[in-house]
Each structure stands twice: as structure tokens, then as C-alpha cells.
Amino acid sequence: MSGSRGELPPLVDYLVVPAVNLTLAFLVSGLVVLAIGENPLAAVRIMLSGALGYAEGVGYTLYYTTNFIFTGLAVAVAFHAGLFNIGAEGQATMAGLGVAIVCLAFDGAPWWLVLPFAVAAAALFGAGWAFLPGWAQARRGSHIVITTIMFNFIAATVMVYLLVNVIGKPGAMNPETRTFAEATRLPPIRDMLLPLGFDVGTSPLNPSFFLAVLAALLVWLLVWHSRLGYEMRVFGFNPTAAVYAGIDPARVVMVAMMISGALAGLLAVNEVMGVQNRLLLEFVGGAGFVGIAVALMGRAHPLGIVLAAFLFGVLYQGGAELSFERPKISRDMVVVIQGLVILFAGALEHLARPPLVRLFRRTRRTAEA
Amino acid sequence: QQFQPAILYDLGGRNDKSFNEAAFMGAEKFKKDAGAEYRDFEIQNDAQREQALRNFARRGQNPIIAIGFSQAQAVEKVAKEFPDIKFAIVDMVVDLPNVRSILFREQEGSYLVGVLAAMASKSGKIGFVGGMDIPLISRFACGYVQGAKATNGKIEVYQNMTGTTGAAWSDPVKGGELARSQIDRGADVVYHAAGGTGIGVLQAAADAGKLGIGVDSNQNGLHPGKVLTSMLKRVDVAVYDSLNDAKSGKFTAGVKVLGLAEGGVGYAMDNNNAALVTPAMKAAADKAAADIIAGTIKVHDYMADKKCPF
Amino acid sequence: MPIAPIPDARIPALPPAIELVGIDKRFGTVHANRDIHLTVDKGSIHGIVGENGAGKSTLMSILYGFYQADHGRILVDGREVRIRSSADAIGLGIGMVHQQFMLVETFTVLENVILGAEGAPRLAAAEARARGLIERLARDYGLTVDPDRIVGELSVGEQQRVEILKALFRGAETLILDEPTAVLTPAEADHLFRILRRLKAEGKTVVIITHKLREIMAVTDTVSVMRRGEVVATWPTAATTVERIAEAMVGRRVLLHVPKGSSVPGRTLLAVEGLDVRDGRGARLVEGVTFDVRAGEIVGIAGVAGNGQSELLETIAGIRRPSAGGIRLGAEAIGGLDPAAIRALGLAHVPEDRHRMGLVLALEAWENVMLGYQDDPAYQAGVLIDGAAVRAAAADRFRGYDVRPPDIRLRTGLFSGGNQQKIVIGREMERDPDVLLVGQPTRGVDIGAIEFIHRRLIALRDRGKAILLVSAELDEIRSLADRVLCMCGGRIVGECRPETPETEIGLMMAGVAA
Amino acid sequence: MEFVESAALVLGSAVRLSVPLLLACLAGLWSERSGVVDIGLEGKMLAAAFAAGAAAAVTGSAWLGLLAAVLVSIAFSLVHGFASISQRGNQIVSGVAINFVAAGLTALLGQAWFAQGGRTPPVQGDARFQPIDLPGEVAARAAGGFGRLWSEVVSGHNILVYLAFLAVPVTWYALGRTRFGLRLRAVGENPHAVDTAGISVAGLRYAAVTIAGLLCGLAGTYLAIAQSAGFIRDMTAGKGFIALAALVFAKWRPVPAMLTCLLFGLLDAVAIRLQGTPLPVVGPVPVQVFQALPYVLTVVLLAGFIGRAIPPRASGVPYTKDR
């Protein structure tokens, strides 16, 4: 490849290149903004200040980031074991059920008491929903991509059934459970910071953000510093070598899928216990699919994932702000911008590299001369 | 307090050919009549409901009208934070002193189109296609069945729901196929309550030379001569009235239930379906409407007991 | 008396088939080829030797249009040409058999042969032509392969024939072979050389890269030696010796045969009895194999690749399950245990395919040092892996086994084959196993490294360990083993002393003397 | 007889439901057999559906709608190709991006141009692909019973349906029996082999993604102006992902792809038909049971009978000369 990694100073490689890519993405988006008669520079300013310019905006950005960290990590963990988990959406959906059951069962109990159980339930339900595709792949040779896609649909169906016929709130138009008691809800971070004298405004950001950061740390330890992670990577890169090394492929596949599902499931802690405070249909809202892009853009590394998730958080919050401020820029426009960013910063990430490499070679040569 | 109205649409968006669009139409009409500007916003995900409401409120928008039952929790929260601002919510009750809750008796309008469907049907079989198996949609279905059965005791009603994900509201292909399956089994009138999916239902009925029934807004014009009628849910009127009340200082909080009596629901007649609805049919429907208003016909509300006894 | 043609400056000689002038190539910071001048005469067999990483493959890949040189010119038949892609090279009558075969494993032989040279849009005509060619070559050269077999199911020797067929089908006048015999048995190699001589007789030119100096002496007319990206010598083969070539290659004197004392076998450490192995479809791969290996001896298994040796090793190591029979490691019955359990009992295994099995090329080198030993308590720190301990062990191995470059953080795939092999051998031998299974320990490895690996194996034996060695190199078997078993068709067909003449072992391997 | 007629109706429905899946699945097949993974099928189909709906609405011609759809879909394909072939980017990320851009852009332009909430105006008559009656249709229908099999299942579909099923043998032949197909399959298995055979890896892959674009164009057209009468936002409703699943199910082969898509269509049609009818013995069953049926059966079939599906070896891996 012309201009591969390693020919540039690390600083350039990890900071300048992504910055150039993002700039390109915004330039192209700017053309679209221009086409509908708005000022692209103003649009970028609104987007950035909406996402990062004030406490509440930051709160929203981080709230979205939380979701994307969970699903991004989920996809990445499976990825290290050579598995493509498209099922984070369904796993998170089912985890929502687990969280709701716990919260309803302990309704009224203080959140810090309920939280461990909710986390456990989320992980358990998510892992359980991922276990079957994992099992089918390991023992029956079914392809994980199909089974996880199918399990997404099945999860949606199960959820409608349960919410309409079993656990739904009586008399509600909407298939949803009753709302949890105030005490049981995860408090917004504002409530935790106000006593300390900070006001971050009203945003849905809640302690699950820390859970997400913790999860990223744990995934880092798991993948690069634990035996299981080592076995997963060996299997992911070279299944034959894994067998040679005495690693049981079926076990790795199932365990990796369950960890992946558990991580996806944690999203439900944020959404169900932290934000919606009730179980409702489609609360995952596509975060499972965004997780795929997050994981890949983050190169399946927790730090990368946190950064990519943050980028998507900025896009989501900044996008909302943008279409709020500039009614002409509809939410569809925002989707287009998100797509362009994924395209330029993700898929076309090498676009800027060869010119930069050439630039560096030239400067180096002039420096030598 | 200034008069600076704002509208918050549900996930379907401003132009969903359904109740969001009806709300938009009401606001537009008001804008034209009263010459007052308004702001609006289409959310992209659940988290934006509260955010958008609060953003409106902070900017001093007043009144703020939220469309759709899913907004209830957000309205409740934000309305508490801004007790001086007037809120209205469509399709759900939020019990606060500054919130007007507007409900519709969709079952009553559905009853009327059920009557028309039963009379228009030659085969004695009619169909219903819903978007998702949720209580609100079952309420449409149940009223429809009741009206049809009341007209023709032997009538058979096929019912289908499209799906279980958000895609269920935007899958005209599946909707068309559901309608076709009902038509293949003999149905010759098909009523839909399925958003964008319903476009496919009406299309399939028209393609097969059968009749469709539209929903929410007047969809008769989609296939002139092929859409028997549309069940109207006058969200436009509700929005218009709320804006008007607020402007003229007559805004009241509390629950407003809009049924036939209040002109909140009904069935659509226009040039497109004039030839389809015979005077006898129209008379029967109008009689039923009068009886419902008079209370001699009780239309069952599915939401009351989650059952449809017909 | 026939007189050999002597080049005469007065008669205009035929232009050389290939002339490389000042070829220079860098990969990033690596200077793979430095100002190379090389002339290959028409109708000759030209050998190229050099250590792993000397730049041989790179040079030939430039000639074949796979890489572009940074500087330099190429002349074909005396005309300067520009080779920008393999298509250009093919058009100039250059064919190449790559070190890593460029075959589509899911295709049939026929499909592989015609790929890129199909002629008409419909395949039928090309297939018929290829069938004809395959038949003719089978007749003329004994280059037999079943045109309708799936390539992935062929033995490496057969796959190589497919590669040669591909080149000939495209009308190659100059044929480049990159380490063609690394994976062949002596008989297959001899077969190949007969074919090469036939090609030469027909006026074609052959360039052959190899690590086996014996082969250089046997088939080439001219030999060029490369070291660190440069051509350091070119000689008429007849005018040089193995020792001179080896010295030019490595830059020091090399022992081509590692001396070894006679063995003092002790107690039986590995005993295999009546072992049967079947594949998924129930076909027998190993049949009724019985033998033992005792402390302090190296037992060699000779055999043509694909006769059950690999499966035998894999079954002993626990990668495959035996369908019948027993395996004992010391006193323990290990038949049917999994690889981790068997390893824990003191068996180590150098698999024959390091890329496929022995290493994970995408991992950093130090991570491969714990492959198979990830459960070792020495590598654990609480619930986590003790990275520092593993890296320390890795650095130690790298020093002890002279792995170059000694960078344990480098991605494993970036090491040359010889050095990758040293990583595997170091890992397995340093566990001080009672029994070591070794498959093809020096495949594709340069002579310097071969010497090193052989020394290590003998040293292990002398420490009273049992070694079971599978190799396609009869030379290797004969110089290392204390006893030789011949395998054919999944059975042990005979046992002999390593001094037994090569031809006799060869016959046994073919199943004739059984 | 009545059973046969019901079966005929369900089968007819299965055929119609399977067509968009089949076209998208074949598109994925072409792309992935060449080594380019394509999870942007959904987006391309959606973009094509919009282009078809918009062009047909404006020009009044279904064929111009088709042309526009194909061009737009190919344009998206080429973007994906540029990212994954020339730029060696991550193919999945690129596919995700395509899906985002298509979803946003169709709604955006739809609203900007037609102001109907991202819908295109409904089309009628020549702006739509109409059913084609094959010979004997009327007689077969009149005959009832098995005649209905002819009239419902075989006859009376629009041209795109026949094109879709024609694309199967064409794909089979082109992949299996032609020079182009041989090279294309080779590049998906081992691009090094193709490169060293003097054939352009990039050229082949671009050709493959272009064909994928063409087929997605047909699929989108079918959705918008054959099966429906206009574009509606998000109208692909996940079919691109189901097609992807079908592709794996079919192990990347054309004839099994057709059978799989027909199976998926059939499961869907049966689920539609059974919804709301009480089952013998069990009695009334929640709708969701039937709605989940196709997905559950797919999983069961996959786990029970299909066995391991091995993708083309080089798929998803950008081609570089170094190892």
C-alpha cells in the first residue's frame, strides 16, 4: 500500500490523519448544507457548540457516547474472536427486559442497591441472547451473522409480545411498562455533582457512563492481558493454531459471544434504568448497528472505541442541536452528515495518508539536504 | 407570557401522511389564519423528546404541543420544570395544571368505517391491516369490527399486523402483501391503520380492483374511486384549537376527549369517493354516528379492558 | 572429442534471456535489493542462493512484474523492456512459480491452469486446450496431475506441478521457480529436475531459487549468491564448490553436516500401538501404526508427503483423535487427550506448517512464545497474564536461538521463514520436553539456520530426550535420525538404519520394498 | 382443491415477497464472490427505490425510473468500491456509511423535491411495472385447482419478477462457465493468484460491485414502482439484511440463493396467511408467534441442516501485495 502505517510520526498518524479525515467529511457535508442554502461554517459551529459548548450539551453527548461504547465494545470483543456479532441490537433489547424486571421487582428501593442487580440482569440477559447464536455457530456450524440478524428480529417480536400481553402497563396506548419509582431510577449526574458545586444542566447523563468507561478498561484487560483474551485472539486470527495450542474453539466462540452480548446488554442499564425509567419498544434505537461502525473505526481497541463513540455522540447531539437551530437542516440532513463522517473518517481513512506521507518524505529530504 | 407556539412531532416525522402530518396541517392553517409563526422539531430518537421540549421551553416558546403518546413522560417532566408554560399533548393524558391532554375516540370513527365497509362488501368478507400489535391499533381494529358486525352479523373480518420493529410502519411491500392475502381470501374492503405501510395496503386494494379505507387524514385522493373512505382523526383540529385557545387566552388544562360528538373523528367524503358511498350507506353511517353521539350505541374501547368482544 | 561451446567474443552470441541492470528496491526502510546486476543466459538453468531475507524473492518478483523496482533496467532477449505488471511479464514469456503458491484452492486444476489465459469468453475451448496440454506434458515430462481434482486437495508436490503447468500454458520461455523443492520429497525433487532439464533442452531458460546447495550443484549451469540485498558472486556452477557458495552466502564457514555422536537409547518415552486415524468421511489416514521412541534417540519418519505422517504427528499431539489404538507418553496413556493436557505431560510439538498451525502471524512475536503454554503458571500474574514474564522469556529465546531481528515486539508475520521457524523451535525446545515431535524443521530455511537447528535437536537428544522427526528431506533424516521408519499409505512399511542407501529408503517410501 | 388454491395463493405471495430479497442477494453474491463484502445492500436498494420512484413520477415512465435507479445504485456501488478497492478501507464501515447516507439523502431529497414527507408522488399506469399475463392465464384461472398454480405462481407478475428469476441462471452461467466468472471467483478466493496471472484485481472487483449495483437497482425499482406505487422513506425495511442472511444461508451460490430467498418469501407468506387463524389443537395463537416464525425457522434450519458456510476466502480483506 502506498504510504502504510509507520511511515509517519505517531503523532501525525494518530492525530493529524484523523483530523484531516474529519475535515474532509465536514467539507463534503458542507457542500450538502450549502446545497440547501445554509451556511456550512455556521452549521459546523452550531454542531460543535451544541455538542461540546455547554454543560447540558456535553451531557447529552456523553449520554450517547455511553451507549455507543457499550455496543462498540460488544462488537469488538466478538471481533477479536473472529466473530461478527450483528446482534448487539437484539441483545441490548433483551437486556432491557432483564433490567426492567429487576427494577420493577425492587421498585422503590434506592438505585444504588438495585444497580448491581440491574447490571447483572442486563449482562445476563444480553449474554443469554448471544449464547444461542454462539452455541449454534460452535456446535452446529450456523453462521453467526445470520443467526444474530435473526435474533434481532426475534428479540423485537418477543418484546412486543411481552409488552403488549404480559408486562405492559394496563391502559397505556403504548406498549411499555409502568415507570419505575423515582428512588429506583439512576440519578442524573447533575444530582451527583450539584452538591459539589458543579451544575451540568439537565441531561440524561447518568452513572452508567462510568460503567461504560469501566467496561472499556475491563475489555482492554480482557483482550490484551488475560488468558481468555489471548485465546480469543489466537482463535480469531488462526483457528488451526488455536487447536494446536490446546484452545477449545467451541468454548472460545461461546464465551466470546456471551461477553459480547453482556456488553451490549449494559446499554439497557443506561437507557432503561437511567433515562427512560421504563421498558419500551425499540429503546435501543439502532445503537447496536452504530456499534459496528464504532468498533471498526476504533480499530477494536477500547481507547479507539471510546474516542469513536465520542465522535458519534458529538454527531448525534450536535446533529440534534443543528436541526433544532436550523429548521431547514432536517434530521435527515443530520443522518447524511453522519454517513459522510463514517465514510470519510472510517472507510476512506487512507485517503489523506499518501499525500501526507509524500509531504513528510519531502520535508525530511529537504531537512537532510 | 408571549405567544410563541411550538410543535414537537413524534418519530414518524412532520410528513408522515398520518397524525403528525395532521398536526402540521393544523399548525399551518393556524399560521395562515392568525398570521402567527411557530417552531417545530422532528425527533430522531427517544432521548430527544425531553431535550427538545426543554429547548423550546427555555426559549420561551409557549404553548408547546407534543404529538403522540410516546411524549407523555417527557412532557410530564418538562411541564413540571416550566409551570408557567402551557403544554398540550395528543393521544395521552398528562395530569398537570399546565397541560392539556387531547385524546381521540378512534374506535368511534373506526366503527363508522366498519359500517361502510360491511355495506360496501359484496363478499361478506373485509380486512384490517395494522402496523404493530399494540393497544392503540387494536382499538382501531375493534371499533371497525364492531361496526361491521353490527351492520352484517355474518361478516368475516380478517386482521393482520405488519411487524414488530419500527419498520412495520414503513413497509408498503409487506402491507400490500398482507392486503393481497386478505383479498385472495375473499375480502373486498381493507382498512388500514399502519402509517406508511398502509400506502401499500391501499395500493394493493386498488390494484386488485377492491376498496381500501384510509386512516388519520383524508387518503381518498390516493386512489380516486378505489378508496371507500378514510377514518379521520382530526389532530389538525385539535392543534388548531389549542393554538387558538392559547392565543385568545382560553387555554384550559385537563383532558379533552374528542369523539364523534366533538367532531374529533369521522369519515371522509369528497369527490373521490362520492360514487362509492351510496346514499343508503351514507345514511347508515350517519345514523350510526347519531346513535353513538346519543349514546344508544356504545362503541367498545379496546384500551379499557384489552379485549375485543366481537 | 566433443568440445563444449566456449563463448567467443568474435561471434555475436545469443543475447541473454534476461539482463537486470542496477536494480534497486526499498520497502520503506528495508533495502531489499541494492544495485543488482544479473545476466541469465538463454537456455541455461541459473541458480540463486542466499540467506533468508537476502532479497531473492523480491528480485524475482520485480522481474515478474509483481513489484516495481525503484531504479534499474530490465532487458529481455537483449531488448530493454518495461514490466509494470505480471501481465507484461507473461507477455514477455516470463513465468514464475512463487514460493507461496498462487493457486485458487477451491478451483480444479484445469481452472487454475487456464486462469488469466482463457482466450475466449467461454471457458470450454480453453479447458479443452488445457486438457490437451496437460495430457501432452504428462506424456512428455511425466508431469502428471488429474485436471479435474480440486487443487486444495492436492499434495504440495502436485500443486507445484499445477504452477508449472500454469506457466507453460502461458507459453513461458523463461521460468522462475522460487524455492520449488522446499516442500518436495527427494523423488519429487528429482522429478522436477528432470522436467527442468527437459525444458532447458527445449531451449527454455530457468531461474531457480533454492536453499539446497546440493540441488544447485546438481541442476544449475550458473549460480549467483545474494547477501543483504546484493549479488555478491556469480560463478559457473562447475567452477565452484558447495563450501565456497555457503561461505559467500553466510559470510562465514558453515558446517553442512552437523557432527553427532552415536545414540544411547534409554527407556521408552513414547509408545504408539496399533494407531488408526480416520478423516471426517471415514477414510483411513493412519493404519495400524506401532513404534516407540526411547530416551536419547531421534527416530526419523521418512515418507512422501501425504502418506499419513502429518496426521500421525497431529494425533500424537492430541490435535486429532485416534479411531483405534493407544499412545503412551512415559507411563501415561494419552490417546484422546486434548493438546493442552498432552503438552502438560511433557510433550512438545513443532508442527510442520508454521504459518497454518505453529504461529499466529498477526500477533507480536513475544505473544507467540506462549502459544500452547498460555496456561503455564510462570506466565500468570493473578487473573491476568504476566506480560513482563512472557516478554522476558521471549527475549531469552530470541537470544538463545539467534532470531533476527531480535525484536520481540515485531509482528510475527514480518519475520522471515527461517526466523519464524526458530521462534517455534525455540518455544518448543525450551520447555525441555521429554518427547519432542518435529515436522519439517528446516523447510525453507537457509543453511546457516539449518545448521543451528540441527545442532539444537542433537543437543536435546543428547540430554536424554526422545525426538520423533518427520521430514521430507531424506538428507535431513539420514543425518539426524538414529533409526528411520518409512511410511507409505498410512502404514509403517519398514525400518532401517540411517546409513541405508538413499535409493533403498526411496524404494521403501514408495511402498515397493514393503 | 381448495387446499391447492390456497397453496397457490401463498406460493404466489412467496414469489412476490422473495423478489427483492433475491435481487439483493444476487447483488451481494456478485460482490462477495469477488471479495468485497457488502452490507450496504440495504442502502443501495433504498437509494434505487427513491431514484425509481422520483424518476417515474417525474417522467411518467417506469423504464426511465428503472434507468435512474440503476444509475444511482451503481454510483453508490462505486463509492463503496472506491473505498474498499482503491482506498483499501474497511468494507463494513463503508457499507454502514452507504446505509446512513442513503437513508438520509433519500428522505432529504424526497422532501426537498416533492414535499410529501420524503415520499415520491404515487405513480400509476406506465410509470409502474404492470403485471404480465402469460398465455393461458385466463383459462388456468378459470380451471381453478391446479390451474391456479399457473395463474397465481407463474403468471401475472411484473417484468422485474421474471428478470429476477432470469438473473439466477444468468449469474450461475456467468460465474461458473465464463472467463469473467472464473476470474471473478478467483479474485474472491485468492487475489494474489489473479494478480500474478496478469489480471487486474481492482478491475475485476469494480466490475463485480457494478453488477451488484445493477441488481440492487432492480431490487429498489421493484420495491418502489412495481410492488408499490411510489417511494416511501425507509421502505426497504431491513430487506437488505435479510438478503445478506440469505446469501450466507445459500453459501454464496446462485441457485441455493434463489431457493433460500423463495424459502424466506414462503415463510413470510405462510406467516401472513396463518396470522390470526387459530391453529388446530393449540387454538388461537398470538400474532407474534407467526411474526417470529420465519426467523425462528431460519435459525432452526441453519442449525439443523445447512452446516458450515464458508465465505469466499478473500472476502472482506483489502488486497495488498505484501503479505
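All chains are identified by letter, namely A, B, C and D, in their written order; residue positions are counted from 1 within each chain.
The working rule: a residue touches a chain if its C-beta (ideal position, glycine included) is under 8 Å from a C-beta of that chain, and two chains touch if they have at least 3 such contacts.
Given the structure is predicted, the values throughout are model-derived calculations rather than measurements.
Colleague: Could you let me know which interface, A-C or B-D, is made of more C-beta pairs in contact?
Modeller: Per the contact counts, B-D leads.
Colleague: Suppose each chain is reduced to the average of its Cα coordinates; what separation in Å results between chain B and chain D?
Modeller: 34
Colleague: Indicate the whole-number Å distance between the mean C-alpha point of chain A and the mean C-alpha point of chain C.
Modeller: 46
Colleague: Distance between chain A and chain D based on Cα centroids, please, to the nearest Å.
Modeller: 29
Colleague: How big is the gap, in whole Å, between where the Cα atoms of chain A centre and where those of chain B centre?
Modeller: So the centre of chain A lies 36 Å away from the centre of chain B.
Colleague: Do you know which chain D residues sit against two or more other chains?
Modeller: Chain D, residues with two or more chain partners: 111, 118, 238, 286, 288, 291-292, 322.
Colleague: Residues touching two or more other chains, restricted to chain C: which are they?
Modeller: Answer for chain C, listing residues that touch two or more other chains: there are none.
Colleague: Which positions in chain A are in touch with at least two other chains?
Modeller: Each of 153, 157, 160-161, 330, 334-335 in chain A touches at least two other chains.
Colleague: Throw together a list of every chain pair that touches.
Modeller: Chain-chain contacts present: A-B, A-C, A-D, B-D, C-D.
Colleague: Using the touch rule from the top, collect the residues of chain D that touch chain C in their complex.
Modeller: 177-180, 182-183, 185-186, 189-190, 192-200, 313, 321-323
Colleague: For chain D, which residues are in contact with chain B within the complex?
Modeller: 9-10, 13, 16-17, 20, 111, 115-119, 122, 223, 227-230, 232-235, 237-238, 268-269, 272-273, 275-276, 286-288, 291-292
Colleague: Provide the residue numbers of chain C that touch chain A in the complex, in ascending order.
Modeller: Its residues touching chain A are 28, 317-319, 338-341, 343, 349, 351, 356-363, 367, 370-372, 374-375, 380, 383-385, 387.
Colleague: For chain B, which residues are in contact with chain A within the complex?
Modeller: Per the stated touch rule, the residues are 13, 39-48, 50-52, 54-55, 69-70, 72-73, 81, 91-92, 132-136, 164-166, 303-304, 306.
Colleague: Contact residues on chain B for chain D in the complex?
Modeller: Within the complex, chain B touches chain D at residues 13-17, 21, 133, 158-161, 163-165, 167, 170-174, 176-178, 180-181, 184-185, 196, 199-200, 203, 222-223.
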